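Consider the two complexes below, in which chain A is the common component and chain B and chain C are the respective partners.
After this line comes the complex of A and B, so read on.
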């Protein structure tokens, strides 16, 4: 199956010179060989050095980095010392890179066909007369429909998934022997991601290339790779076949990582991996993971373990690989604090519609209302006191827009938001009463953006405390410390700036700031999606704890369905700003009824070997919702007929508060669904 | 900012940042040379009357347009006045006027720019068109109009310069603010219900300040040039007070027979402006601001 070694990294250490003048290593003593026909996944959290390693395999070092020792050998020659002219021939021609955001790597002013032709001409393996036929062939190989049409388009006319396919076609144009993929599906919607991964694993098999797949997402790695390398603090800590690494890895870090991943089928909270990796140059003389390790002993601190071969195959950098197996990789039940009974309704969204369409000058002069289909329409959700409701959907589903409307940052075009007993909530922040402002708090996706970089943590926490409670001086300080302790940070954080904190700590500060207002309703907008998975687990756990202590109601928005599952009591599935399905989390996840929910859940990647997403709907991205009928009509795999295009789907009640918006009768929705899921399970892909 | 939270937290972060910025500026050759030139000029302006070799008014009929020699190191002008004395004292008026007008310009332009960047809407649309219209007119025309209307003298020149040079600051401050306003921490402050003034003071000012500092340095050099030009045209400093612009204007008629009276003020003015520019460049780099984005007017 696999051939000779194509890329061999030998004892490679790469570092940069720090402010103190010391050489700080980013990669330490990497030994890794990749064979022809092999697909190797390199997984690790941010800062683990995985991208640096992958780029070094192409002979590329980011600005400021330099080789401390070792080499990266391709086809018998060290790329890191090769003259740049020769290196150019190898890149693209022998090793091709597929980057994360391919929309940015395609030239915006050239048609797709012209860019592919350019790539073909550069590698000079074909006669110019054969170019156009080869362009079409390449576009077919990446399964783009109508390759002739796509070739005549500009990159901005394609969806994110199509752009990624074009980037893959570009990489294949030089007929490379090795493909390097750097987070190729990160940032794509789940259904699109599933399709791209399907394509990549197919390419790996069909073209017999060496593939190196770098990702933080074990689910994606599980789908494509036969061998997995786990990196931690610039070292390889584990190297083994995918099945072992994903089910029973021999390194404590890998086990912790597996346990911290929320899973679609498991309603429990994932287990947090406390602590953070040492910064470059910050590792002690011993094992780099020792501070976070559950089974560490005194000798682990004294001497750095080598990368030793395991009996069962693979290599591990741990003194106690046998004992590591006592660490659980799956949570054994710390259920989220779901309660069956909730209080009175706190928020009621009735017939909410939001439009971003701006009035044009002509419309303004003529006094006309803006044209266009509203971004969010016909949303009815009732949220009870103490409940956590999850809003899920892909990009453009309007979930964040709804959250902003509740926060008073975008005014609804029509409909109303009723809050507590005070009736309709004024549309914008400026019109709301101070009490309402305090009771509704918002937490943002990225703490780098939501915390003022010029303010210390003390100043950040002082904002709500001064505004809502008029605290100052000693009382303010005391209160700030109490709040920091509730999010498991200490008083010594008060004087630090956000830039001195890790991503997880920053998000805790953002959570602390929201809780400082003692809110009744907390709006969480993708609060964990900018965080590493082990940090995410800790943040989810914290949110759950705070909810239990304070009885706060959450509206929790996320694109990651497993994350939503871990925290929510009820889930609302949105597509193009319209509600598809709403019901108790357990019911929606175990028995999805709406065709879109079915497609969405089917596409979720689980970090299980052999787990295969079920691909149903087309992965075309839609830019705007249809004016009439069902929002999902254009992608639906169970479309009834013209009624879907003309009439708004009725609400179908599946009992126990489970409501589905679909034209298919309820009996058929609940029964036919299981059949279709089973029927699709074995199919590799649509068409 | 010295509002509430500053008393709460130990101010460890602020001074270390200022110190590190100064260190960073001085570590660059451009910053070192620039700052040296600027400080030297400011010291000269402050203390030159105490050590000038001659009285700047003293005429000498026996040494008219005499070339540099042991008594008059830089020679004399058409009235026999010592050029060295007049040159080292010739920047006093220019530096005084611009050193007051620059902070005023940055203050009013910056405040209005930050406000417009935050508020947006109809007011922003209208005022920015007015700003564009103002910037489209040649500055000398606008300045002369003011001076013709209100007369010369420091009392008119300072507000005039501060007003006209504040207008481009509005653009810079507005653009810098718009970049910040789009970020979530400003949205978070809005969602909490902070007032506009509070958002400007707490969230925006600290983040726009760097851009304004660099912009202020640039405005200063442009203002110096403008002040000297007005003097050159006879609308700035009135004789016999020494001034670079005036000195250049006076020596213009004798350039063919006696070029030296023009050299000294030209070199003095250029060195100050180059010094300011070099400092502004180094400051921008130390603060991490892309000067290429800044508009030049």
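After this line comes the complex of A and C, so read on.
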């Protein structure tokens, strides 16, 4: 049901002038046609040029970029040379963008209704008197509850999912023929993301528009697109129908990418794709992927392969597409470190509650306790030596808060954290013994923020070595090099600054710094979420290796359930700072019992064509946990009744250390499964 | 909103009260007092004791602080040790002159700075931006007395267009300050314009490269519409605080400029009083300057809140 070509990018190259004065290309010879009614996904790692390409399709270049050659034709005319007055008419009116971060893409000083009205007025397809009715209609189309209320709000008063819906409504306002989506669900919680993707694929079918969907996430692409284009280092390396690209692609890079994605249903570690893409202008005369390619040959280095058509349909930029099929796309083998034999309990969180509510000046003077419901409450977890425990949950579920409490950065409001044989840990860093500080190390999500940009890697590693072991001179250097080698970086990194490293390398330095202290307990806070999947796989592999070598205990926090599964022995599912379920990873993932776990796992996207998430919990904004009863009561699809609102759910024992906090009796919990974790091919249903 | 206003006002008053205590204590800690200033060389033995008894300086510090503070609230700042006149009227005259100087500079400088800041921000890295930004850096870094000297040399000595110093006395009517006030106003305007302009410029650049401006332009919103409706309301928010700082700086008495141009304002008077060891006056001026700072910052916070829906709704909704 696809029609004629609507968008046609021809031999497009875009670049910027580097510091050396040379013109560095970020897009190279892009040829891409999109037909009416077609949904094309563009995937690639960070920096591969996806966004630049998508914006060029709207005739937009970011500050500093310029066209080197080629055209971006829409409906027969080149947008890159079009006068701005005409461009204004096409943008929004004929092509609309749905941006990644809607929170930042809506003007903070204007109400939602006013911004939608502006979009309507600009494209003059309606009489002004009809604007307000249309605004409401648009907000309804994107399934926002209470459209009148939403229209009168400022953007910052909406949740992330709601902001994204408003952005979609805004894009639809001009009744465009083409929709460009740049990472529209990145940064949203999984359950929210599932809802937005559902809405988008519905829009694609219902409105028969050309859609271009840019994302680094193959799972999201699989959900929405019928055709997928893979980009690498500013080039299109593969273009084909979604099923082929997602299951049996003909390019080594695409195959490596698939293998590096952790899968929820597979407890094995994903496979790392070593190396990194060349920087803009850094590709040699040959294939840009040659340094990372497993089947590269000498001629690959000499001549740049063209984008050739494949017999089976689609196009590929590789000299050896048939041989590429020998590269595995899924990993079998190497499971994460063996579970089972763990030592003594190392950390015990008993009845832990943490509150961020600050005492106001008046409260302090009167000696009153701060009011409000604690952010984290009633958390009981026992962690044994050598074990990896994963904490999962959506944003605001208190994962990082628990880590911070263990690290001594926030004090518990009540309950205690017992450590090793020494009993309760002092609440704050200042009160802890140096030995305890050394033994408990924390790694943060963003290495850019946790590594001092002015210190060399050598200085960064020297800090813990001097502080805890008093090393200096030659011994210090020797030890630093040994540690760098353990995270698979060479001695030549010692004199570099963090800004000279890639994201994955920086995270390795952060890990190296933590391991320099020879910790017993390592707290990992979303350590891979700022990284590309191929890099993430390498970091996960590294963490697993280090744990195996040193017997370190990890508390591993991530919002990505598949990542957690790959590394953890046991998993704790949190909602609004309360435990929902805790048990061995295999048990929790194979038969989720708690209604929230069920919803969370049902929403996870796998890069399988035709995979459909099952939507259960609405993506309501919840600012604070309910004062009593079950934390999940407001979104639960299996709620028993008023008991869920009044009484804290009991712990139900499902055997083999698997505990579930819910009012539903255990028999019913385990039997009446609406979602099976692996077969998720059912129709989505929204409550 | 009203709640916040009252809360902030009370906090401001408390700040001024605490500062007044610190000023009093600091002046107290200095060697010498009003009597040593009045009697100068003769300040010893019997005469000093007599003087102190007369002025009540022999009473405990707390009593004197209370008396001073309550007087200040009623507008009575005491008597100058230097010439026995009420400080309120002495300082009042200078304050009026300082306000005139600050007012003229602000009236000229703020619109100019906003205009130039927006212009350079929008024309980032083009010739006009580079030229104006370079000039601004010069205006900021060259010390005021150098600028003042150069201006005096060019416009009054060489060209003879305006007088190089102000001849009016502190209590002259405002009209007597023209045209002598022109050069000091220009010097002050240059410095403050440069500061404000650079803040506005970088904030305009930030906002113009923000996602929402990019989004608006991809929505097809015309350029000037983007600038006025989407960009400037957000870009000018940071300017409020810089302007407040500038106003505080101007009201605090711009000592160097007033001294160079012989302008009878607060700063000038402060320096004179310090060299005369006229401690009651120093104390009074310090208090006024502190109150002005607090007042201006309070006004800036409230303005920022009024213009920023994020702050407004956030504070209004949380109890």
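By definition in this document, the second predicted complex is superposed on the first by the 676 of 687 C-alpha atoms of A that agree within 3 Å, B and C clash if a C-alpha of one lies under 4 Å from a C-alpha of the other, contacts with A are read in each partner's own complex, and residues count from 1 in each chain.
Just so we're on the same page, contacts are C-beta pairs under 8 Å (C-beta built on N, C-alpha and C of every residue); 3 or more make two chains touch, one makes a residue touch a chain.
Model, not experiment: these values are computed from the prediction.
Chemist: Assess the superposed three-chain arrangement around chain A: do chain B and chain C clash, or do they fit?
Modeler: Here the two partners, once superposed via chain A, clash with each other.
Chemist: Of the two partner chains, chain B (first) and chain C (second), which one does A:266 touch, if any: first, second, both, or neither?
Modeler: neither
Chemist: A:107 contacts which: chain B (first), chain C (second), both, neither?
Modeler: After superposing on A, A:107 lies in contact with chain C but is clear of chain B.
Chemist: Report for A:576: first if it touches chain B alone, second if chain C alone, otherwise both or neither.
Modeler: neither
Chemist: Contacts for A:495 in the overlay, against chain B (first) and chain C (second): which applies, first, second, both or neither?
Modeler: It touches chain B, and chain C stays clear.
Chemist: Would you sort A:473 into first (chain B), second (chain C), both or neither based on which partner it touches?
Modeler: first
Chemist: Check whether A:462 is in contact with chain B, with chain C, with both or with neither, and answer first, second, both or neither.
Modeler: first
Chemist: Looking at A:409, would you say it contacts chain B, chain C, both, or neither? Reply first, second, both or neither.
Modeler: After superposition on chain A, A:409 lies in contact with chain B alone.
Chemist: Considering only the touch criterion stated at the top, classify A:517 as touching first (chain B), second (chain C), both, or neither.
Modeler: first
Chemist: In the superposed arrangement, what residues of chain A touch both chain B and chain C?
Modeler: Shared contact residues on chain A (touching chain B in one complex, chain C in the other): none at all.
Chemist: Which residues of chain C touch chain A in their complex?
Modeler: 124, 209-223, 229-230, 233-234, 308-310, 313-314
Chemist: Which part of chain A faces chain B closely enough to touch in the complex?
Modeler: Those residues of chain A that touch chain B are 407-409, 429, 432, 434, 437-438, 441-442, 444-446, 449-456, 458-459, 462-464, 466-467, 472-473, 476-477, 480, 494-497, 513, 517.
Chemist: Quick check: in the complex, which residue numbers of chain B touch chain A?
Modeler: Touch residues, chain B against chain A: 4-10, 12-13, 183-185, 187-194, 202-203, 206-207.
Chemist: List the residues on chain A that touch chain C in their complex, please.
Modeler: Within the complex, chain A touches chain C at residues 55, 58, 60, 62-63, 84, 87-93, 96-97, 99-101, 104-110, 118-119, 122-123, 154, 156-157, 167, 170, 174.
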